[in-house]
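What follows is a set of structures to go through.
Each of the two complexes below includes subunit A, the first together with subunit B, the second together with subunit C.
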Partner chain A sequence: MYGMEQINTATGFANAKFGSSKGQGAKGFDEPEIRILELSKYVIKFELLNTDLSVANSLRRIIIAEVPTMAIDLVEVKENTSALHDEFIAHRLGLIPLQSFNVDQFNLSDQCACSSMCAQCSVQFKLHAVCSDRDQMEVNTRHIQPLSDAPIIPVQYVNDKGIEEDPILIMKLSKNQQLDMNLVARKGNGKIHAKWSPVATCQMRKEPIVEIDQDKINRDLDIEKRKEFVALCPREVFAFNDYRNAVEIENSDKCIQCIECLRFAQANNLERAVKIAEREDKFVFTVESTGVLTPEDIVSRALQILMRKLYELGTQMKKYGVNAD
Partner chain B sequence: MDSKIRNHATITIQQEDHTIGNIIRMQLLKDPRVRFSGYRKPHPLENKVEIKVQTNGEINPATAVEQVCTNTHEHMALNAYRMDQNYQNQHGSTLGRTMGGPSSYMTHGYSQM
Partner chain C sequence: MSSTRKSQVQSSKVASEQIKTQKDIDMESDEDRNDENRNDNQQQSRPKLSIQRQDGDNTNATYSFLNEDHTLGNLLRNVIIKNNQVEFCAYSVPHPSEPIMNVRLQVAPSCGDTKKVLKHGLKRIAKMSDVLTEKFQNALDKYENRMSD
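Coming up: the complex of A and B.
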């Protein structure tokens, strides 16, 4: 268990001798680079360089939709005398994130050799809650009892200081209401249902380029207008330097390309003083995991899945290429 | 697959979507021997993509797609290798996959998924 770790890496990669022909322009790729900017328990921020937009987008799609995890998929209701109906509770149970570090050991249920359920494709739980002594009782993920030794259990969140947070609330029971269910968790990916998606968000953006012609701005605008210029940016990209009464770029990375500054410049006849653009070759990803897998694991698996798809397609095309000649 | 035009192929890939279609199309366009490349998803509810390729005759369209797949695969292998290296430099432990050069990423771990 570890707390927040902010690791900034300038250069962390060796030059791999990967084969001299791969750097050719004809193949469409320079040597790719991937740098991890930040890594914490639930969030990873990394950047991709010298990669095409389609590759970055496919990586994003796979991170969201094709990395497999475990989630509750079948709910057998033996007793439900609560205020919520069966399928409502079942829907909520499905959305509970389950720790899926061992998900590779499981088969997809429709590809498993067993007839209906076995230890290779499913994990069983029991949820039994009775409100006997109080007026109201909370049923949370701690009431879900695993019936096997597999380490697939509901995620227990730990905040920055290392303290365990409250468990996820499933529902509340009133006096003399009971809940008795058998739960079965199966493997799946986000394409089938969003409950199997391992990420809360996966954000991909291009790094913004913000350039201002400082001489023009500081010469042609009076001090009040300069302050107005700095103030109208919604993300505080600019800063006003009081010593020199000048506008400076404080943090161009925060820019969201709303071009308010550009419009202001145009309104004040300073057309070419501000330039907002995006770097076409650099993508910054922020992946926030729900806790089912570690964030670096999610990215690593996404890369593997993309590689496998390309490999399989390439192998299939090889057969056609040979036959056609 | 080849229609009336020479060096032209239409490839239908089942159980795939824009994730793979867009990559193949974009990378084909970068190859100077490919004259035409495009992809589409015929219907959003049907899980397949169609890729059309036409080459200038130097290579077979199927071979063009195969080369593109191999190159992109190696590109991603390099990415995965770099990522593991990064992680190891920062954390002193691997991501659970064997290191040992980018070539080990080419076919590693496919049986698991």
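Coming up: the complex of A and C.
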């Protein structure tokens, strides 16, 4: 579709899909499609079709930096006789993921009606650990005790078999060292600090297209060369079929556009026999949650944030008395 | 170990800014403090969207969006540019640490007003995000049905 885009001569800018009347739905744009490929406890993979790169990128940016979560933000150190200094521990505490399924019931601290801190904008914890009877002890997220009944607690990871994994290690204490801290978790988003980002990974990529002219390759190259062609791809996109002695496309999805295959084809006078490209209207998203929210929740929250953003701007536009209906 | 040592450590940018304002107030004179408060008030009442344009000319304008960045800027530009009546549209974020995003918009004289075009663009994105939300929910239901079968 993008290969034939119209260029507006006045602006020099591409004037494809949205401006032209063809290919538009009733809503004035191509109907986007979403297909979920994989969904597990921490990872979601989905395809976004018939949209522009800018839409996909906005979604990606919102997922990373604008979905609110809870994280430890204020640490009051009462006692720290460990080997690590206060700021170092505070930083580590801040990065601990906290289950944020109920993040909506909290206010951002700068938008809360209270003067400094209240139950509507903060959750209090206590971290007290003493190493008295052993040579060494590990302080982990199980030592963080909530002081209220708010359902915000450190994330407990569960592996594929449903068994709980070890809690996150915060630090170690040696004999006679102790730690006594009050912790305050607040609501925030990844724009303020990355510790509030709900995702470990949020990547999107265009789907690769790989095409080969099988007749030409299997006719013009001898068997050794064909095997060489299959072997040179670092991502194992091609396979060698032993029965037919022929090159086949095994997994075009793995292609990373390194153009090794194109170079080989060019060197063997087969320029037109191999084609690689990327689809411009299909994006494959991989979103991996840190455990603070479920992955599908992160994506639907991100879409709602985009909607709310535009709603706010719409009401702002009304103030200027514009009607574009 | 007996004496309780107290110190507060804050680990985010917002928090460190709070500390900074406290310090500033301690160090500065009353006059400065008033000045700062006034600035804070201005910051709060600053509109989410403001227009800079020449009087009497509605065919071009620069819109300033508060608290927006490339997330909306690129999306908006790409939607607006697809309107045939638009002669020029571009966005910029003048400085990464300022929460401002500008959109420059010039339309053909036959179109008349940039506001119309901007509103149309915003509406289109709103509709699309509406559709996307719905589609995502449908896709999720479909996937769950498939898994439970």
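Methods note: the second predicted complex is superposed on the first by the 291 of 325 C-alpha atoms of A that agree within 3 Å, B and C clash if a C-alpha of one lies under 4 Å from a C-alpha of the other, contacts with A are read in each partner's own complex, and residues count from 1 in each chain.
By our rule, a residue touches a chain if its C-beta (ideal position, glycine included) is under 8 Å from a C-beta of that chain, and two chains touch if they have at least 3 such contacts.
Just so we're clear, the structure is a prediction, and the values are computed from it rather than from any experiment.
When the two complexes are overlaid on their common chain A, residue A:260 makes contact with neither subunit B nor subunit C. Of the two partner chains placed by the overlay, only subunit C lies in contact with A:76; subunit B stays clear of it. When the shared chain is aligned, subunit B comes close enough to touch A:297, but subunit C does not. In the superposition on chain A, A:309 makes contact with both subunit B and subunit C.
Counting residues of subunit A touched by each partner, subunit B versus subunit C, the larger count belongs to C.
In the superposition on chain A, contact of A:104 is made with subunit B only, not with subunit C.
When the two structures are aligned on the shared chain, A:248 is found in touch with neither subunit B nor subunit C.
Applying the stated contact rule after C-alpha superposition, one finds that A:54 touches each of subunit B and subunit C.
In the superposition on chain A, A:195 makes contact with subunit C only, not with subunit B.
When the two structures are aligned on the shared chain, A:39 is found in touch with subunit B and with subunit C.
Residues 13-14, 16, 18-19, 27-29, 31-36, 39, 46, 51-55, 57-58, 61-62, 66, 296, 299-300, 303-304, 306-307, 309-311, 313-314, 317, 320, 324 of subunit A lie in contact with subunit B in one complex and with subunit C in the other. By the touch rule above, subunit C contacts subunit A in their complex via residues 1, 4-15, 47-49, 51, 65, 68-72, 74-75, 77-79, 81-84, 86-88, 113, 115-116, 118-120, 122-133, 135-140, 142-143, 147. Subunit A makes touch with subunit B in their complex at residues 7, 9, 12-14, 16, 18-19, 22, 26-29, 31-36, 39, 46, 48, 51-55, 57-58, 61-62, 66, 68, 104, 296-297, 299-301, 303-311, 313-314, 317-318, 320-321, 324-325. The touching residues of subunit A, when paired with subunit C in their complex, are 8, 10-11, 13-19, 27-29, 31-36, 39, 46, 51-55, 57-59, 61-62, 65-66, 72-81, 86-87, 90-91, 93-94, 109-110, 178, 188, 192-193, 195, 296, 299-300, 303-304, 306-307, 309-314, 316-317, 319-320, 322-324. In the complex of the two chains, the subunit B residues touching subunit A come out as 1-2, 9, 11, 13, 16, 18-20, 22-27, 30-32, 60, 62-63, 65-66, 69-87, 89-91, 95-97, 101-102, 105-110, 112-113.
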